[in-house]
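Some structures are shown below for you to check.
Look for chain A in each of the two complexes below; its partner is chain B in the first and chain C in the second.
After this line comes the complex of A and B, so read on.
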């Protein structure tokens, strides 16, 4: 590192024999590797190599206890596409991602606006907001599962108190027992745990909008809604885009909510592709790898679309 | 970059901000309504965790009661849980989260420092690689991770979990540290070196202390991420003994085939969750900058 940063102390470098200069040039080119090499190695082993293994596995014939029995050709993919539940799983995944992210972003826009206002106790109120972000999603989901208990879950107790629930232990009270109501409640939990990050990202975006713009608009007599539409929303675009993308990735890959609340069942009726992949993995490893490859491809498509929309190069350089 | 903005708003904002702050002192009716709405929303956000505590404190006899609060408070779940293997799970989680965090810092700090200070061939490619890893989560390649680590055959699944958690949290740490190192002028280090300090001395005495908020943020965020991780832990610790199973897996074991030990499940969740929420509150304002990788400017 010294070659690049500090000027060589007199008498050391200059007196080295000439023929070493080539070795030194090689050394100089390798210097960055000393600093970023460990990071590349870690990414390579943990993030990149599993992708290769996953592709390879998707073409292997593997016994449920993990032994490779030979090549499977495209059979894993054929099996996957003939899976009667796949269509439902894919449809649910799209509903899950689109609905959760759209609702999250809409509510976050409101929350960010609210928590950007000055009022006494704002700091404490913001701390409360982070709880679902810091807590493990698994434990939050378990609380909701408990609160939705058909016999005495607090949500049911509350719905009973306000007259929306007629009787406990009824079909209506068993929210997680019916696929669609279970799925809707799980989307509620997914929105709940996604709100803190989105709100904070939009808050950070709001804080970068210069106050002068608002003052100028007010001087010009613009209405509150007009100011929001013509100044806030357009300037919030980058924050909106990036938090929407991060939410799409998180929600798409989300496992704990569905796993803890319904285990993806009954059958696969509340599964998305992520939980479907996990359930397949327990007995059909090759087919599960094929599902993983499909998931991975979907993530790549989403990311590429986003990179195009935001031009990552501007951030990196 | 958003971090820097949140910490110290540029001078151009300040006049507007103080003007707004002055008008903010007055409690207009609108402000009162907004504040009440915000408090109500804040309440909703902590309610599930309040319910977690309430459920953990319910005596077993009142577990099926339909009241919002139990009639008696019973701490026995918090004492008897230590006989259920929970202590081993806690130890395993501390090892995974602690080891993962240490590894992330050791790997991310040099990379972030070098990319902040130097322009070299491959720098953009490296940063793109880091950015790309942030877009991927273990769930998208779980089968690959499982098969790879089976073939590695490491002595303990905790080692595998340390590696996986470090790998997937690296991007956040690199980005946030890069932003901090970039915001510290290189002239400060050079000035110290002119005064006779070595390069490492300048790093240790000038740069690292100035970047400390970023380092602490990376540290806490990585720790919490590894602490809360479920999917990979569930996959890589199949059939492992309690002392090799982190909390998330251990707490799942209170869910039996036919009945759920809710008392211990929530007592364990409270112990695992409350410290983490408190830690997160420390870095609350700085996390977004690392996650959005400087695209909110």
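After this line comes the complex of A and C, so read on.
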């Protein structure tokens, strides 16, 4: 402490005349720009510019073949809000995000705990968990789609062999044909592909908790459940919040699972806002852009509410 | 100062990189006389796998053409039918036009002035079959060049019919209902009804025709939610509910169901000659185990079936030298030998009069060819592209929900668009 209070060595800001210091300060301020400039340019062109174009497009009247025919005013938004399917699509999106993220986080908590213990084959098990993450989501979805085929899908064959499924090609066997069961199966796939990331994030969190805390708790005679609730969970909170937030954004934007398994159909009965937007684009570019703006707004609101509800700042920084 | 300069330079470089990354797909455009020209051909894939993909067919033509015209290179891209419309539409929306497409054609591209007239890119345009040329026309001028055609018939599995104790082919809806129930009792699917997004517009029209309905009346007025069509879908809804079809037809696609028919899992299905190679490949049904008959209607087989035509369209994408190159290539590709090669490979029908004449006496193609000139076709209105998209996505819900409401919503879109 005392050393820092000692008089400043020559060459620091305080000891120089004012004008020179300003020139230097500008120079110094510009230096970081050299390093972050390319990144800023990239963000500007790849992230911000498309957002601007998206907003602009949503107010334009565009032919299905991509020709701008002038301003549409708020008509694209009016059309969008008059879509009879919009309400169902929005409700489904909420169910999709909440259910997938909640189930993912719960299973990940268990898995992370398991992988934090020592057991023979732990290394192999940890590696195996990467598989759903490493495989392309589209590939995983296709595998599930064919596994659920009503005629000869492997899941149906299994269910038939154990006697749970009476006959192939029946309504019961046609998991992806009934909107609700299709939606549930797609959520299963979404959880499956989200697990590795959250589990690793939580595992990393678990490993930062010092062993002495557990030791002290055990000396005090705390039960296992008590230790988990009072030590593990609170200290895991930062990791839990970060991975949940990233999952919320990922799951909200999830496209390939739904597209490959049902294309959002029949009708729009298994669409979320992301696939709905894509389906609209085929004929109605402006309205689809309006849906994109709504999506953009939704994801920002969800993130803000999430940060607020979890008192992010106090917890993470 | 120096640092600032470097920073600015870095920034500009990064921006330039990013921007050029976005626009690098723009072509250099038509160039002068001797320089080489590259044409981008985007075609739908009619094949069922890597062995008979249309990529091979087109590459063969492109290579033969290139040997004769070393200055013109044709690059071939084939897209499977499920994604074809969507991907071509995206290319058009992004203004990254292909030079030539073969597959679905939409008159709205002609309306936007994106296409060359048929006579500008094909020397002998009058050789194209007149009925289909009319379908490729917009405001009196022809833009879509018919390339291949087909007509629809009802295929049924004779083996399954025999097992179920059915002696004659279905002729009416009542027959379809009764036969489907009997086949279901054998543990198989009675009628394969593909109302999923791949080609719901064809299946729907075939049923509408059976009740004297259509998408438009003869004067070109949209009649999608006419009482005849609503009645048709009420029948289908009841057929589905009684278990006469595969479960949930709303998301079942033609190709998948055709394959299932070839596996002997389905009793009846509407098909085109293109189903024949799938049956032969499947090796489950022998040539005597199936047959095809006119499509059953409400009170008797329909008189004129759906004739489907796929078109070639040429996009205005460069200067006159490019147009000349396109014309050279299309003249080459439209030779009878390539028409017939295509038809033999996929069991489809030719679209040029000369090729049709040379196939007239063929035992397989002859009967289909005779029916072609009277065939019913899809609407040629510019709104059809949008209407078709909506039919593909939503008409499947008419057999689970309220037919009147679903058809009414499509009718609204059609009326708004035209």
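Quick note on the criterion: the second predicted complex is superposed on the first by the 275 of 317 C-alpha atoms of A that agree within 3 Å, B and C clash if a C-alpha of one lies under 4 Å from a C-alpha of the other, contacts with A are read in each partner's own complex, and residues count from 1 in each chain.
The rule is short, and it goes like this: a contact is a pair of C-beta atoms (placed from the backbone, for glycine too) under 8 Å apart; a residue touches a chain by one contact, two chains touch by 3 or more.
From a predicted model like this one, the values you see are computed outputs, not experimental measurements.
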### Query
Who does A:140 touch here: chain B (first), chain C (second), both, or neither?
first
### Task
Return first, second, both or neither, reflecting whether A:111 touches chain B, chain C, both chains, or no partner chain.
first
### Query
In the superposed arrangement, which partner chain does A:285 touch: chain B (first), chain C (second), both, or neither?
both
### Message
Just checking: does A:51 make contact with chain B only, chain C only, both, or neither of them? Give me first, second, both or neither.
### Response
first
### Query
In the superposed arrangement, does A:309 touch chain B (first), chain C (second), both or neither?
neither
### Message
After the superposition on A, what does A:268 contact: first (chain B), second (chain C), both or neither?
### Response
second
### Summary
Counting residues of chain A touched by each of chain B and chain C, the higher count belongs to B
### Task
With the two complexes superposed on chain A, say which partner A:151 touches: chain B (first), chain C (second), both, or neither.
both
### Query
Is A:164 in contact with chain B, with chain C, with both, or with neither (first, second, both, neither)?
neither
### Message
Just to be sure I read the superposition right, which of the two partners does A:67 touch: chain B = first, chain C = second, or both, or neither?
### Response
second
### Task
Indicate the residue numbers of chain A shared between its chain B interface and its chain C interface, in ascending order.
31, 34, 38, 40, 42, 45-46, 66, 151, 281, 285
### Query
What part of chain C is in contact with chain A in the complex they form?
1, 3-4, 6-7, 10-11, 13-15, 18-19, 22, 85-86, 89, 92-95, 108-109, 112, 114, 187-189, 196-197, 246-248, 250-252, 260, 263, 265, 385-386, 389-390, 393-394, 396-397, 400-401, 409
### Query
Given the complex with chain B, which residues does chain A contribute to the contact?
1-2, 4-6, 29, 31-32, 34-36, 38-40, 42-43, 45-47, 49-55, 57-58, 66, 111, 114-115, 117-122, 124-140, 142-144, 146-147, 151-152, 154, 157, 160, 168, 192, 195-197, 200-201, 203-205, 207-208, 210-212, 214-215, 238-239, 241-243, 245-246, 249-250, 253-256, 259-260, 274, 277-278, 281, 285, 288-289, 292, 295-296, 299, 303, 310, 312-313, 315-317
### Query
Which of the residues in chain B come into contact with chain A in the complex?
2, 5-6, 9, 12-13, 15-17, 19-21, 24, 27, 31, 34-35, 37-39, 41-43, 45-46, 48-49, 51-52, 55, 64-68, 103, 106-108, 110-111, 113-115, 118, 120-124, 126-133, 135-137, 139-148, 150, 163-164, 166-168, 170, 174, 193, 199, 224, 227-228, 230-231, 235, 248, 251-252, 262, 265-266, 269, 272-273, 276-277, 279-281, 284, 287-289, 291-297
### Query
Which chain A residues qualify as touching chain C in the complex?
27, 30-31, 33-34, 37-38, 40-42, 44-46, 63-67, 84, 150-151, 167, 169-171, 173-174, 176-178, 262-269, 279, 281-283, 285
